[in-house]
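Each of the next two complexes has chain A plus one more chain, namely chain B in the first and chain C in the second.
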Partner chain A sequence: MKTKAMNQKKKKDLIFCLLVLLVPMVQFAIFYVGVNVNSFVMVFQKYEINEETLRGSYKFQGFAHLFDNFKWMFTTIRNEGLFLSALKNSFIAFFVVTLVGITLALVFSLYISKKMPGSGLFRALLFAPSILSAMVTVLIFRSFVEEVFPTVFHMKEGLYANLDTRFGTILFYNVWIGFGTQVLMYSGAMSGIDPSITEAAKLDGAKPFREFFSITLPLIYPTIQTFLITGVANLFLNQINLVAFEGMDTLGRFMTVGYYLFRGVERATKAEFLLYATYGVSLTLIAAPLTLLTRWALDKFGPSVE
Partner chain B sequence: MKIFKKKSKGIPVFMIVSFAVLLAYALSLIIPLIWSGYTSLKDWIAYAEDPVGLPKKWKDWHWDNYKAIFKAFKGKKEIAATGQFVNVGIPTMLLNSVWYAFGTSACCTLVSLLVGYVVARFNFKFCGWIYAIVIFQMIIPAVGTMPSELRMATNLHLYNTVYGMLFMKSYVSGLYFLSFYAALKVIPKDYTEAAYLDGAGNFSVMVKIMFPMVTGVITSVFLLNFIAFWNDYQTPILYMPSFPTLSYGLYHCTQGSFMDNVPYRLGACMMLALPLLLLFLVCQKKLLGNVSLGGLK
Partner chain C sequence: MKKTWTKVLALLCAATACAPIAGCGGGGDNGIDNTKTQLFVFNYDGGVGHKWLDAVVARFEADFAETEFTEGKKGVQIHQRNDRTSIEQLVAKMSTSREEVFFAENVNYYNCIAEGAFLDITDIMEKPLTEYGETESIVDKLYPDQKDFYQASNGRYYAMPHAQSPTLITYDADLFDKHFLFFDQEGELTKRSTDEGKSYGADNLPGTYDDGLPATYEEFYTLCDTMIGRGIAPMTWSGMYEFYMTRFSAQLRADFDGAEADVAYNLNGTMSKLVDTIDEDGNVTYKDPVTIVDNTNGYEIFSSASYYYTFKFFEDIYTNEYYFSKSFNTSVSHTDAQRNFLLSRFSSKVQDIGMLVEGLYWVNESSSAFTDMESYANSSLQERNLRIMPLPKATEAQVGEQTTVVDSLNQMAFISAYIDEDKKELAKTFLRYCETQKSLEEFVQTTNLTRNFKVDYSNIYDDLAPYTQSIIDFLGGVRYLMPASDNPIFQKNYTALADDYQMGTISDPDPMIAIKSGKTAEQLFNAFRTKYNANTWKDIL
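On to the complex of A and B.
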């Protein structure tokens, strides 16, 4: 009897779980699995317009022309000359924004978690920019840099108007605005460390820096690791807010890959969708192993709790 | 302040430097915001003469700048992607922003919560797979799927529709799934066992017992999602061009000559920023207190 009742309970649980998961599963099937499979299929398709009906449709390229979209992509890269500089900028943005951002966020989080003077106010202030639209913060930042700086510092040209300092200014903005969420997570993780551990270390004579590197850092390492991994995963998606800064017409020298793809898709004809799908699949083939490699390296060489 | 006096080496120096940097950072956030606030009330000519200073007399505070901004947004504009003419006045855009931010954040939060609940509280084999899939989806980047996504949305008649957008945003957010999972996993089984013994069903247990215990996390995630979707202008550009939101409207305006007038430009920014700054002031504790994040194991 008991087993039968248990089986019935398990059956009820299973039906309940499946019902609860129905919408997420359908959504996932269409907009993750479906979209990615379709993206892959598009790489081997062409767009043809029927001369009688004047309607266009996507068709398989045929085995003789299987890699035509890749040829198209490489020809575009060679002739257009934008993609390689976008690639370089994406790496620069990753190193500057992610690494500098994480370092500063850790320093600020340590200050806040130690409940030093003004830490509550700083915590709120650090997060405040995250609640505003990038459109708003970019416009305010850009106006301030362009209008106030030249007046106050008697500069001939604003930092943004000057093409030589524009990219640096955009990167600075991204670091300046970007670490609110990280500070929230790191300071939360630091506050969660059992005080008896740090007290024991102090009694053993550990200096504050030793305490930070031997106790705090290893214990919050999983959170740092998450941000580093998602940073690498977003390497080719990061637009460094260029759409808000420049609209759809930035100069090639400032583009990142994320911006290049967004701008391309926004302007693309139905036939050109295939080109951008090919870019997407090719970049995924680079980014996915790179992310896994980063995860492996962070696991292997990261600080240990022991 | 004790710690500054008590110790003289190492951390105190670090703390003093950190304090100075944090103070400078805080000022760098506050000053441009204050400057934007009063500059948005300046006359264009007065602004050109002195871009930094405050308006000198009461009559120099031009509150009517905001009327001009309202007017500038009025009227119908052609949406290039669809060839349609759409009303892009501020009331319409505000309405679009409200349904878009509320609807999509509700869908995304609910879906992440439901999946987090099933994975945290049930012991089916597929729960482990779902956990793995969510983490996989989170860390393996799918670059450049926009063409495919647009094509799928168009083929399924979800493109440029309200229900389509709500369905598209009913996805499991990896970060928030982990937050819900962590919060729900630690609740002792005794709470639910007692309810089951009293004859409660799975749905009642979930809604009446478990969800109220994580209300703080649900509210925080909802608010964070709300802020993100309220500020999102790229999704409306690509997927729902007939439903311009305020963020989209601001983006649209930056492309025209209207935004060459700096006080107007900053006024438009303040209009978009004020509701969120108020929300932040009211819900600050909810936003800053309840979400934590573990590792990706």
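On to the complex of A and C.
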């Protein structure tokens, strides 16, 4: 009797769980699985317009032309030169925003977690930009580098107007705006470290540097690892806030791959969707193993808690 | 207790996940009068604004107050949605959108037809507007180039033109008068706009709207030098949005190519001004005329001398500093540039500025600037002598040739293909109503812009602002191109071949920025014409 009641209860719980999960699962199926499967199919399709109805439709390329969209993609890459420049910018952005950003965020987090003078204010200042809309912070930042900087330092033009300093200025903005979340996460992880461990280290004569590299870093390593892995996975998606800076009209030399694809799809004709689907699938073939490789390498070579 | 809270939390999470779904669908029934037939209209609320639509809707609702478009419902109630939704978003949601009639911009006409988004409106295009006392049909009101563009290859029409919005030069004729900046017959700047004996301008005809204005690039530079000598900044533009100058460069290119300009879009036709060589002094020699056949030598269009002369014009403007000091300041938006231009004549804090590079709709965007200037005498649009400057010609030999203008915004009016069968008649009636003589005149009066139709504005001309008069004068005599075609190669490579990108190499998509960063016109042109060649062209077919 008791077992039967338990089974019925389990059944009810299961139905409840399934109903709760239904909407997100459907959403995931349509907007993730469906979209990605469709992208994959489009790689092997062509776009044709019926001469009578003028309606366009996607059709299978045929086995003789199976890889025509890849040829088209490589020709576009070769002719435009834009994609390669965007690729270079994406790697630069990854290095600066992710690697330099994480390093600096760790320094700030350590300062805050050690409750150094003004650390509360420091945390608020670093986090404040993150709670504002990107458009607002970009406008404030842009006015600052365009109006305040030239006035204070008697420069002929602002850091953004000057094409030589524009990309660096955008990267600086991304590093700065990224501090909020990272500092919050790292300082949270640091404050979770058992004080008895650091006390013991101090009693053993460990200096602050030793304490950071031998105790703090290994213990918050999973948090750092998460940021690094998502940074790699995001390599070809990161548009470094260019949309907020310039809408759809960023100069070619400053584009990243993420922005290039976003802008391309936003403007593409039905025929051009095939090109961007091919870009998407090709980049996934690079990014997916790269992300897995990064995770493996971080697991294998990262600092150990032991 | 804990489990109850877990369930409540889970339900809240599920409800949150459902929230986006609640956002789908219609916008509610607020204000709907069920005794009348409803029509939903989308209007891109950019530089053209929506005052014109308010006016035409009010007249339409009054004129058709007793008409039954749906059985049992007398009269019409029109609901407007005025915002800046992009055409891509509109088309993507067309099948579920409640809007039925659209006035949109940046429309890639042939791509939208292929997507099946537009209703076939051939019947209302070809039927004379006799119910409004007119003899012409909407097709009769189209310029020949527009007719060719809008009539699809199957002979049907799916959209019609909306506002004309090329990016051109507006000049302050009051300032020009004050400083005698109109050319006389000897090529000296000694005249005012009202004087006799002015030069004939770019059209080389006496007594026309461009008399006394620069006919060639050389005269334009003379004008700029003189302005600088008199303490005036010759021209300004938005530093924040570089595409304004790119769009302007497309105008210069199209005007140079003239009757051959459309080959850049349809990739078929003969081009007679393709560069063979450029000598050290910048003199250009042409190849023998080349017939462009899209799938073999379409890449030749990038060798047109029009690109070289456009880049050279930009190079000369930049190197000679013929611009207002804040023209490259990226925090100066288009409205800031407009305000600087308008205010410069009244404020001692802003240097006088002679010309503004902008889309023709700019006077609507700067309504707040006009309001702020009300304390100054004669500062309203109606009172100020702002005018459109016809494009000067690159060479002396081209003076007198008809000006070619290319549209910058591709604004069109159309009906959704997903409209309910019983609403089609109403939607078509409304669209026809918008193209009547009265509606087209009213459009000019409310927007200071023209719709892209042949219209006789003589009834209202004298009451219009000088700026609006100059638009009518100028655009009435030009060849007007839409920057697109149904050529499959053009459509397949739309992003690469559309104007915004056609005018630049990829590392330098904006010619003026490329010049600013140290490229010469010749370097830019050489990089440009090698963008595609016989080998690479065949790969994009």
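Definition applied: the second predicted complex is superposed on the first by the 305 of 306 C-alpha atoms of A that agree within 3 Å, B and C clash if a C-alpha of one lies under 4 Å from a C-alpha of the other, contacts with A are read in each partner's own complex, and residues count from 1 in each chain.
One rule holds in what follows: a contact is a pair of C-beta atoms (placed from the backbone, for glycine too) under 8 Å apart; a residue touches a chain by one contact, two chains touch by 3 or more.
Note that the structure is a prediction, hence the values are computed from the model and not measured.
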{"item": "When chain B and chain C are modelled together on chain A, clash or fit", "value": "clash"}
{"item": "Chain B versus chain C as contact partner of A:129, first or second or both or neither", "value": "first"}
{"item": "First (chain B), second (chain C), both or neither touched by A:196", "value": "neither"}
{"item": "First (chain B), second (chain C), both or neither touched by A:56", "value": "second"}
{"item": "Which of chain B and chain C A:268 touches, first, second, both or neither", "value": "both"}
{"item": "Touching partner for A:253 - first (chain B), second (chain C), both, neither", "value": "second"}
{"item": "Chain A residues touched - chain C or chain B, whichever exceeds", "value": "B"}
{"item": "Which of chain B and chain C A:47 touches, first, second, both or neither", "value": "second"}
{"item": "Partner chain in contact with A:78 - chain B first, chain C second, else both or neither", "value": "second"}
{"item": "Contacts of A:184 with chain B and chain C, given as first, second, both or neither", "value": "first"}
{"item": "First (chain B), second (chain C), both or neither touched by A:20", "value": "both"}
{"item": "Identified clashing stretch of chain B versus chain C [1-9, 91-99 or 199-207]", "value": "199-207"}
{"item": "Contact residues of chain A, present in both the chain B and the chain C interface", "value": "16, 20, 23-24, 27, 143, 147, 247, 266, 268"}
{"item": "Contact footprint of chain B on chain A as seen in their complex", "value": "12-14, 16-17, 20-21, 23-24, 27-28, 30-32, 34-36, 38-39, 42, 58, 107-108, 110-111, 114, 116-118, 121-136, 139-141, 143-144, 147-148, 151-152, 176, 184-185, 188-189, 192, 207-209, 221-223, 225-226, 229-230, 233-237, 243-244, 247, 257, 261-262, 265-266, 268, 273-274, 276-277, 279-281, 283-284, 287-288, 291-292, 295"}
{"item": "Complex interface listing, chain A residues touching chain C", "value": "16, 19-20, 22-24, 27, 47, 49, 51-56, 71-72, 75-76, 78-82, 85, 142-143, 146-147, 157-158, 160-161, 163, 247, 249, 251-253, 264, 266-272"}
{"item": "Parts of chain B lying in touch with chain A, wherever the complex brings them together", "value": "1, 3, 10-11, 14-15, 18-19, 21-23, 25-26, 28-30, 32-33, 35-36, 39, 51-52, 111, 114-115, 117-118, 122, 124, 127, 130, 133, 137-152, 156, 167-168, 170-172, 201-203, 206, 227, 230-231, 233-234, 237-238, 247, 250-251, 254-255, 259, 262, 265-266, 268-269, 272-273, 276-277, 279-280, 284, 287-288, 291-297"}
{"item": "Interfacial residue positions of chain C with respect to chain A in the complex", "value": "7, 10-11, 13-14, 17-18, 20-21, 86, 88, 108, 110-111, 113-116, 152-154, 156, 239, 241-243, 328-331, 488, 491-496, 500, 504-510, 513, 516-517, 531-532, 536, 539-540"}
